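Chain lettering (A, B and C) follows the sequence in which the chains are written, and residue indices restart at 1 in each chain.
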Amino acid sequence: MFNWLQGEQYLDTGWIGIAVTLMVVTFILVNIRRANKNADSLFIRRISGLNAIDDAIGRATEMGRPVLMVPGIGVLDAISVQAINIFAQVTKTAAQFATPVRICCANAPVFAVAQEVIRDVYTQQGVGDKFTPETVQFISDQQFAFAAGVSGIIHREKVAATFLLGAFYAESLIFAETSNAIGAIQVAGSTQSTQTPFFIAACDYVLIGDEFYAASAYLTRQPVLVGSLVGQDWAKIVIAGMVIFGTLFGSYEMTGMTTEHRTDNQGVSSMTPVEAGPDGTVTPERVKKSDTMVNRFFNPYTPEELVTIEREKKPAEPEAETGGGGE
Amino acid sequence: MNPQTFAIIKISAGVLATIGLYSVLYKETKFYRFWEHLFLGLAAGYGVVAAWKDTLYTDWWVYTFGMAATPTAPATPGHWIWAALLPIGIMGYMVFSKKHNWMSKIPIGIILGLWSGQQVQVWWQTWGPQVYSSMQPVIPTTFSPMSRPSTLEVANGQVQTIADPAQLASVQQQLANNLYPTQALTNLIFVVTFISAFSYFIFSFELKNKFMLGVNKLGRWMLMVGFGAIFGSTVMARFALVIDRMSFIVNEWVQTLTQRV
Amino acid sequence: MNNTIFLLAQNTENFWRKLPGQGLVIWVVIGLLLGIALLFAFTQVPSNLRRWIIVGFTFLAGLPYVLAYLWPKPIGADLQNDVPRNLSEQIGFTINQAIDPVGKITNVLQAFLLGVGIFSLVRVHITKVRRKSENWGFSTVLLVCFALMTTVGFMDWRQRKFMDDNGLLNEPSNWGFFQYANDLMFEGMYQQMDSAMFSMIAFFILSAAYRAFRIRSVEATVMMASALILMLNLMGALTYAWGTGIESLVVQTGNPFFMNFKLNVMADWLRSTMQIPAIRAIDFGVFLGALAMGLRLWLGLEKGGVSS
């Protein structure tokens, strides 16, 4: 019946993935629109780690020591950009009190972005002359050389507060414990969940998981960010609903019995009957997870006739030239 | 150079460097500072060379100019338009210019655009299977016995796998066909942990309901259990590293030095 | 743009792909000049258009991936050797072939931009040396090491890559100055310092754990209790002693159920029943946040940061 669709449908990825992705995208865009109309109507819960920011800067100002910020060692992506956005907020406050700022970068493109953004903040605050080459520094793009360099800075400059936000890996503890050793307040958050426990053990305030993303929405209350956060929440609720429904419905299905099981071999699905006993009778077996409707929903059933498609082959390439030659 | 002498110089430099960096654990001194700056210098140099030989040479130079034919391989064509990436890269250096600094955002925008596009592409490919695998069966299909039957037995005062093949096969058959209450409970804990931890990260709803506040709190505790597990599993791996360093200083260094004598 | 990508991905010689030779060199120069022309054109762009140029480049860069995801993917197709059956498949082939070269752009630009960081690093330290400010001596060390490592590393690579067809340099007895110097600086010092820094974490983990155990909050207790079970499980002697105890209990009672209380079974249970779902929940949120931010960056909705 669907011959004309053969080989062109979303069979290999399944339509569910595209549907969910588009749903999430829609949620986010719709809520950004909602927020643009009336941002105050949207609520964001308190995020405890963020209230510490002002305290930390206040302390640094009192002590006359710098504030250190590290946007992780990841490449230039949303995580580092997000970290820099948070640091821009911190810098805004710090610049008002003329507290020196040190931002240490481990990735050159991230450094370039930080340089731009932080310089803008200083200019907007009317203290452009306070922005020095030491404000935003590139230390090293090698993980542990970076760790050694930043430790050195923490010790020598006796920083009063450290903000470690971004993608941190094994080096997380080096920064956190070194700052602790000189008595600095630490606010930390890593998108790498494997490093979060170390931050929890070593730091004063920790942002867990995507509290990190919620942070800039919480701090700036920009409609785009707030709306996006609400959209993400909608998506989470739908996914949680899916998991609950799938769990219950799948569990119900798996209480039944069946005489054939689904097998998947290299993307080709088929039904294999349960083997008959020696007397020729087939004893039904319990439905497996792979036999359920829930499974079909996530892993489309793709019988051989649907996924085996004959295509013409390109004519064989002429012998590649050996020797220069060009055009 | 005499290989022996070189080996001694090399390993002694490594040992000194290790001690130099370790010294910061006691105090930040000029000794540490020296090794720190040496490390940073070497790392910067290594980074530049690696960027050229591992990325720019293969992905840019060879891709642009192609490769002339060799006796073993035919020529590969070059992609001339790739040469335009150099000026685009140079735009990044405009970050130091007061007038044209906006241009540095072009290569940065390209990198971020590529990254963003990939997110849309990989999001469900990464998470679809994980969402599916979080849906675990929670309804037991039998209540006798309550816990899954064991494939072990006690014989001759020892614990061993059931010896009788027919009995073992029957137990395995039962295990395949049934979900026992203890297993269902484990699965339920899995799902509840997932959902409660998940609900902790919902930011835009004010939780007033007592039940939801409870779920939220449970979520935080579950997160802590998960974090603790990571912490516990990592500690030993880190100690292995220190032991390796100690062995480098004590065994390898001393061995190399004494071999000479 | 799409057309360009399509043609880039073909495997025979065509307008975008030329075999090495003089012709190619001329084309490369043209490509370079095009880029330079673009650079100079941008210096003349009025400030109100700048944002749109950046947003445009960002959007175009992300587009191939989004299209590749949304467009029906030709099933079971061999992109290199098959002929598409119809227009829809033709487009699918084109997009999927474009992904590979487009993916290289990130690496190439990242590598070009490394120079921005290095330039800043060198500038900071040269200034320190020139002004003889505090610690200028150490800055000299850094600059010298940087220059040495770059030269030696590059020369060693060059000699191995182009002047050593028979692989003689794999044997230390054939080494020259650059091989010795590179080995000393990279293997002898850099690698050892890297390992030293990494291993230092063990000391920090101890002090962090000590403090965490002292915190008397319910959360910290929950975390450290679960950490303790996992740590004990990794101590061989203890696991063995505990396991033997459990086995003798099983023998005494004749009930194999007690086997579930072996340390490794409990640790595995804790990991698979609580650690995996908890961490999955966090990572899901993080990835969702990344997707949302990716979307905002791609569409130029982000007000602060790069597209301001």
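Just so we're on the same page, a residue touches a chain if its C-beta (ideal position, glycine included) is under 8 Å from a C-beta of that chain, and two chains touch if they have at least 3 such contacts.
Just so we're clear, the structure is a prediction, and the values are computed from it rather than from any experiment.
Q: If each chain is a node and each touching pair an edge, is that a line, ring, star, complete or other?
A: Per interface graph, the chains form a complete graph.
Q: Count the C-beta contact pairs for A-B and for B-C, then tell me which is higher.
A: Between B-C and A-B, contacts are more numerous in B-C.
Q: Counting only Cα atoms for the centres, state how far chain A is from chain B in Å.
A: Roughly 14 Å separates the two chain centres.
Q: Would you kindly tell me how far, in whole Å, the mean C-alpha position of chain C lies from that of chain B?
A: The answer is 10 Å.
Q: Can you list the chain A residues in contact with two or more other chains?
A: In chain A, the residues touching two or more other chains are 13, 18, 21, 24-25, 76-78, 81, 109, 112-113, 115-116, 139-142, 145, 148, 156, 193-194, 196-198, 200-201, 208-210, 214, 229, 236, 239, 321, 324-325.
Q: If I count partner chains per residue in chain B, which residues reach a count of at least 2?
A: 21, 33, 35-36, 39-40, 42-44, 46-47, 68, 75, 92, 95, 104-105, 107-108, 111-112, 115-116, 119-120, 123, 131, 134, 191, 194-195, 198, 201, 223-224, 226-228, 230-231, 234
Q: On chain C, where are the residues touching two or more other chains?
A: Expected reply: 13, 18-20, 24, 69, 109-110, 113-116, 118, 120-121, 135, 193, 197-198, 200-201, 205, 209, 220, 223, 227, 279, 281-282, 284-285, 288, 290-291, 294-295, 297, 306.
Q: Within their complex, state which residues of chain A touch chain B.
A: 13-14, 16-18, 20-21, 24-25, 42-45, 47, 76-78, 81, 109, 112-113, 115-116, 139-142, 145-146, 148-149, 151-152, 155-156, 193-194, 196-198, 200-201, 208-211, 214, 217-218, 229-230, 233, 236-237, 239-240, 242-244, 246-248, 250-252, 254-255, 285-286, 289, 294-295, 298-299, 320-325
Q: Given the complex with chain C, which residues does chain A contribute to the contact?
A: So the residues of chain A touching chain C come out as 7-13, 18, 21, 24-25, 28-29, 32, 75-79, 81-82, 84-85, 88, 105, 107-109, 111-113, 115-117, 120, 133-134, 137-145, 147-148, 156, 170-171, 173-174, 176-178, 180, 191, 193-194, 196-198, 200-202, 208-210, 212-214, 216, 220, 222, 224, 228-229, 231-232, 235-236, 239, 267, 307-309, 311-314, 317, 321, 324-327.
Q: Spell out the part of chain C that touches chain A in their complex, as residue ranges.
A: 11-13, 18-24, 69-70, 72-78, 81-85, 88-89, 92, 109-110, 113-118, 120-121, 123-124, 127, 135, 193-194, 197-198, 200-201, 204-205, 207-209, 211-212, 220, 223, 227, 279, 281-286, 288-297, 301-306, 308
Q: Of all residues in chain B, which touch chain A in the complex?
A: By the definition above, chain B touches chain A via 21, 24, 28, 32-33, 35-36, 39-40, 42-44, 46-47, 68-69, 74-75, 92, 95, 101, 104-105, 107-108, 111-112, 115-116, 119-120, 123-125, 128-129, 131-132, 134-139, 141, 176-179, 191, 194-195, 198-199, 201-207, 223-224, 226-228, 230-231, 234.
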